[in-house]
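Shared between the two complexes below is chain A, which pairs with chain B and chain C, respectively.
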Partner chain A sequence: MNAQLASHYSSDYPEYAANLSGQSVAWLKTLRSEALATFSSTGFPTLREEEWRYTNVSAIEKKRFKPVEKTGTINENLLKTYRLDDAWTMVFVDGYFSPEHSHTSGLSDEVELSSIADILETQAEKLKPYLGQAVSNDEHNFVAFNTAWFNDGVFLNIPAKQVLSKPIQLLHIVSQPDALVTTRNIIVAGKHSESEIIETFIGENAYLNAAVNEVFVEENAALTLYKLQSESTKSYHFGGTYVKQQPNSRFNHNSFSFGALLARNDVHTDLETASECSLNGLYLGVKRQHIDNHTRINHNKPHGISREFYKGILDNRARGVFQGRVVVVEDAQKTDSEMNNRNLLLSNDAEVDTKPQLEIYADDVKCAHGVTVGQLEEKSIFYLQSRGVDEETARNVLTFAFANEMVDKVSIDSLKTLLETELLKSLPIEL
Partner chain B sequence: MLSIKDLTVNVGDKQILKGLNLEVKAGEVHAIMGPNGAGKSTLSHVLSGKAGYTITGGSVTYEGQELTELDPEMRAREGVFLAFQYPVEIPGVSNIYLLKAALNAIRKHRGADEIDAMDFLVWVKDKVRLLDMDEKFLYRAVNEGFSGGEKKRNEILQMAVMEPKLCILDETDSGLDIDALKIVAHGVNSLRSENRAFVMITHYQRLLDYIKPDFVHVLADGKIVKSGGAELALELEEKGYSWLEKQEVA
Partner chain C sequence: MSATSTEIENLIGQEYKQGFVTELEVDTFPVGLDEEVIRKLSIVKNEPEFMLEYRLKAFRHWQTMDKPDWAQLNIEPIDYQAISYYSAPKNIEKLGSLDEVDPELLETYKKLGIPLDEQKQLANVAVDAVFDSVSVATTFKGKLHDAGVIFCPISEAIRDYPELVKEYLSSVVPVGDNFFAALNSAVFTDGSFVYIPKGVRCPMELSTYFRINASNTGQFERTLIIADEGSHVSYLEGCSAPQRDENQLHAAVVELVILKDAEIKYSTVQNWYPGDKDGKGGIYNFVTKRADCLGDNAKVSWTQVETGSAITWKYPSCVLTGDNSVGEFYSVALTNNLQQADTGTKMIHIGKNTTSTIISKGISAGRAQNTYRGLVKVLKNADNARNYTQCDSLLVGDKCGAHTFPYIEVKQPSAQVEHEATTSKISEDQLFFCQQRGLSAEDAVSMIVNGFCKEVFKELPMEFAVEAQALLGISLEGSVG
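Take a look at the complex of A and B:
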């Protein structure tokens, strides 16, 4: 191994780079080589970094995940379970766009929805205004890693005033063992547009998913992004969503993380004048799962509104992390911000680290935050028992109810049903 | 139906019930009255199986079996119902879910099939009308944001759905205005039958104006110190509990 490189992934890179999409695009090659240099200097984030202090990803370095060739063999039943009937679907298999599993017929021609690998072949210039603009390689090295390694993803451009009649599902399924899967999505919600997108991550075997979304919400646009992550308990997941919100825009993010072996979810948004964001999340960890949620809301201009509500349930030896950071700059007067994180620990060995961080430099703002970590209330369990419900069911019912508050916020019926089913897998009760 | 003999109960090191005796037969309505701290709530909690009480002596026989050896859910399935003094709010669990889960738990225990969803709805709406409640209550979270009166009515609704044999009402009248009290009393009275018994625990005689008891017992310092008919409640109302305490000393 080259002694100057902090990661063996960097040593393997030259061999891999020849097959990367967009090799003929000069500006992209520059972007990638800068990213590679950033990544190679220190490798994956370590516990010494404040924003990674609760999440140890060193196993990824030891594992040597490798990019895989395109493959045709996937678990069709698994795909069927998670593919939503009432959405347009773009399916990615082991990180490659799979047209035969996707269906987008009926989507307006004015909406651009393509594989990024395809776009890079012929119309790479379309990506130039966006790629690397919502997040820089300095954010942390998973982003730099993704920029250097990504091979596919979607480019979704919703033109001004378009209101999508159905949601778009971006479904990522991984099947090959030891696969390194890196996708990059660019999502542009044009002025006055309204749309809903559902990211779904599923898979089998041990693999690494390192996905980055760059999202641009133009003036007066409304975009809701759902993320359902329910992966193999041997896999590693990093998913970062970085959002630039223009004035008067609305961005809603609803994250449902049922985990991998180790999952890290980042959501960062930059708010312009009078824009609003709502970040909701549910994380449910069992056995030895580790689920880390990291959010940042930057109020850069006045009159912004942010609402954040994350709930966590940790059982067995699972560990959860919530780090919520809100920054209100001096110019962002009249900011209205609320953050709430509630956690339920179902076992003595489960753990949660929760860290709300408010940094307020403006003087005329309304900012509130609250955090709770607790257990099921004995008096509630007894009340249900006194109505004939056995203790185990009572605990499951109460836990389901705690989680279901987040599922209730989902406005897409098929997704809501899917999420309920997902919850019932961990909490068997009869509805 | 229920036979309590020389029951002694501790909370921690402190003895709360000090040799309580009570016989309740099917079809009877008993009122247990007494001053604060006499052990009224302890009695209702011990009968329903709440944790935190140590039974140090005596027995509680219900339908031929030792009640205190059963888990709370088994007591409920066997037909013992407690209407809570302070009903618990359960966010995220709808009333209708709880009612259906409760009913099906009992049916399963008896070896009956689960109730058909439509049949259940018709039946439960009938009970809702009995309690003069809005059907919307069925779809609200259990007791969440309910007024004091609504919570107590909800308890009686659960009782009506579960059709228990032994109903224990713990201070059901507390926090009720006169209209709510009449509604609750009407609900209880309509459930009276020769197969069902009631034990009403109350501080005041007020509830007994609307639900006429067959027997009134005075619980003081962990024991039944006086028993009588409905007229005993009126006498207590007039003379106060201190009358009995003085009598006891004398």
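Take a look at the complex of A and C:
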């Protein structure tokens, strides 16, 4: 390891950078080298950083994940299970856009949906107003890491007043061992547009997936983003979604985090006047999984509304983390904010750490948060038993119901069915 | 609210009512801190050898530490070499009765409404008054002596009961626990020591009134309370300081040791000088308070009403080691003008069936920042641990801030942990209702805020509850909206 650099990933970078898409674009090259400098100075976040105090990512530094060659061989069955029939699909294999697995026929020509690597070849200027605008390298070093390393991703630009008739699925599948996958998505929801996007992460073997989304929701637009993280249980996942909302816009995020050995999900949104956001999440940890959910809602202008509801189930030696932060700045009067986090611990070795935070600088606001950690209620189990259901089934039914509340919020039927199947598969229960 | 905002601006500019300076001869060390000062301090206090070693160990540790900066506080750098570490009122040669106490001092207490004279008999309160750093008068010794209770200045305890002090001092707050605790361990001059023997219910409420008086004197109080098996004690701590321009550092350490079946109730009313309306002056209140429920069925209850100080930084904590032990924390923290408070508690559940309750009420007015920061930690073996937390914040005016930073860490599935927090302002409806019933806006707000804090006030001993309500009234008179 180079003594000057905090991470061996940095010393591997020059070799990799030569083949990066868009390296001939000057402004992008500057952006990437700045990001590399930021990342190289301190490496991946450590427990000493307040926002990372419960999540130790030192294992990533100990391993040596590397960007892989484009091959195209994938587990078709795995892909088939997760590809939704009633959606347009963009498939990424090991971080590369794979046109043969994707299908976008029928999508209006006005909607721009393309691979970032393609755009960087010919129309890089299109990305300039967006790249690095919703999140900066200062956020933390995973973002800087992604900015320096990213090679592909999606650029989705929904023009004003477009209402998408079907959701768009962004499916990321990784199959090569020790792969380092870094994708960057830019999503722009134009004024008055309405759209639904489903991010899906799946894979086999041990790998690192560090994805960043920059999302721009224009005035009066409505965007719903689903995230299904069902990575291989040997993998490391970082997924950050950073959102800039314009006045009167609505942003919904539903996160389902079932997979990965270590997963960290960031959702940050900046609210403008009278905009709304709703962040929901379900995290499910078994065996030695570690799942960290990190949200931040910045109420920057008056009349914003935010709702947040995260639920977690932790079994075996799994560890769940929830860190939610709501900031209401001085001018953001009439803000209405609610945050809730509920956790179910199923085993003696499971752990949950939760940190809901309110930071309020305005007086005419309504803000509340609540947290619970506990186990299934004995009364409920007893009730079911009194109805002739045996104890184990009663526990299973109640556990499923606890989780299913979040699945019920999904409005896309095929996704809902998929999630229910996933839930039954992931939960330590049989029904 | 807009209609009354100018009124509010006027009202916020209230003067600190307890601001007066007692002229008294003071024996003070020159400013500065090194090992020599600590040796000198130990000699002046006539301490046994082990204390000097203890202090030096703490001092050496302190030198290796950095000032913590994680709190939501904006603190001017403190020059620890610009502080005098010892200041004692003169003429205190073993007073036999109150008559011998400096009348000026008595007058000071009278202004504060402290029942140090005859009234104390009626109030049934024994007072160990700490004037700056040395205890000048201790009352009710006889009655407590009969019950076997030891209640004396800690400097006396170090000389008279070295075994107890040696065993328990820093057993709850280790010398290197944090920057300010280490500093305190090195330089503390006095404080209170209480020992309640087995099975004794302390016949009266014990009380210490702290005063910071001499200018430029850092105040480093040390309190150690030991409740032996099956005993019970209620301890009252109240503070008030005269008006000053320079920031004064106060870094106290309070340690409570609670053995099997014992109970300690610790109540605080803190009304130190908060600085003027431009944030000039005021006390820095950086306190480490911790209770260890060592035995089974032990119980500790912290109640605090924090209205004073420019900066308050304290987290009275409960370590629930014994099975079935109980920790409680009731807090009202009021900040006005440019005051800052970062306060809360830590509940560490170690034993089985341990229970903790946190009720925190934060009121922020003017340009103040008020933060609740709390930790609830349930360790692996704490079967059936139970915690309930409620933190409410009330904002008065549009330039202040209220923040809630709870940390919840659970490693035990049978634990039940609940946390709730709300932030709001006084509702227009409530204000209007009170006003149309003939109350002034100011009285209405005072009444609503008192109602907001009721859950905490009802935990205070009677005399304190009255004082606390009055204090809140005074502090709020100016900050109503």
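The definition used in the following text is that the second predicted complex is superposed on the first by the 426 of 431 C-alpha atoms of A that agree within 3 Å, B and C clash if a C-alpha of one lies under 4 Å from a C-alpha of the other, contacts with A are read in each partner's own complex, and residues count from 1 in each chain.
Note that a contact is a pair of C-beta atoms (placed from the backbone, for glycine too) under 8 Å apart; a residue touches a chain by one contact, two chains touch by 3 or more.
As the structure is a prediction and not an experimental result, all values here were calculated from the model.
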>> Output check: A:Thr104 vs chain B and chain C. Expected answer is one of first, second, both, neither. What do you get?
In response: neither
> In the superposed arrangement, which partner chain does A:Asn205 touch: chain B (first), chain C (second), both, or neither?
Replying inline: neither
> So, A:Arg387: does it touch chain B (first), chain C (second), both, or neither?
Replying inline: first
> Can A:Thr354 be said to touch chain B (first), chain C (second), both, or neither?
Replying inline: second
> Is A:Asn300 touching the first partner chain B, the second partner chain C, both, or neither of them?
Replying inline: neither
> Which partner does A:Thr233 reach: the first (chain B), the second (chain C), both, or neither?
Replying inline: neither
>> With both complexes superposed on chain A, which partner does A:His369 reach: first (chain B), second (chain C), both or neither?
In response: second
> On chain A, which partner's contacts cover more residues, chain B's or chain C's?
Replying inline: C
> Do chain B and chain C touch any of the same residues on chain A, and if so, which?
Replying inline: none
> What residues on chain C touch chain A, complex-wise?
Replying inline: 1, 70, 72, 378, 380, 393, 395-425, 481
>> Per the contact definition, I'd like the list of chain B residues that touch chain A in the complex.
In response: 48-51, 71-73, 75-77, 81-82, 84, 87-88, 90-93, 97-98, 101-102, 104-106, 109, 141, 158, 162
> Mind pulling up the chain A residues that touch chain C in the complex?
Replying inline: 50, 54, 330, 333, 343, 345-375
> Considering the complex alone, what residue numbers of chain A touch chain B?
Replying inline: 377-380, 382-391, 393, 397-398, 400-402, 404-405, 430-431
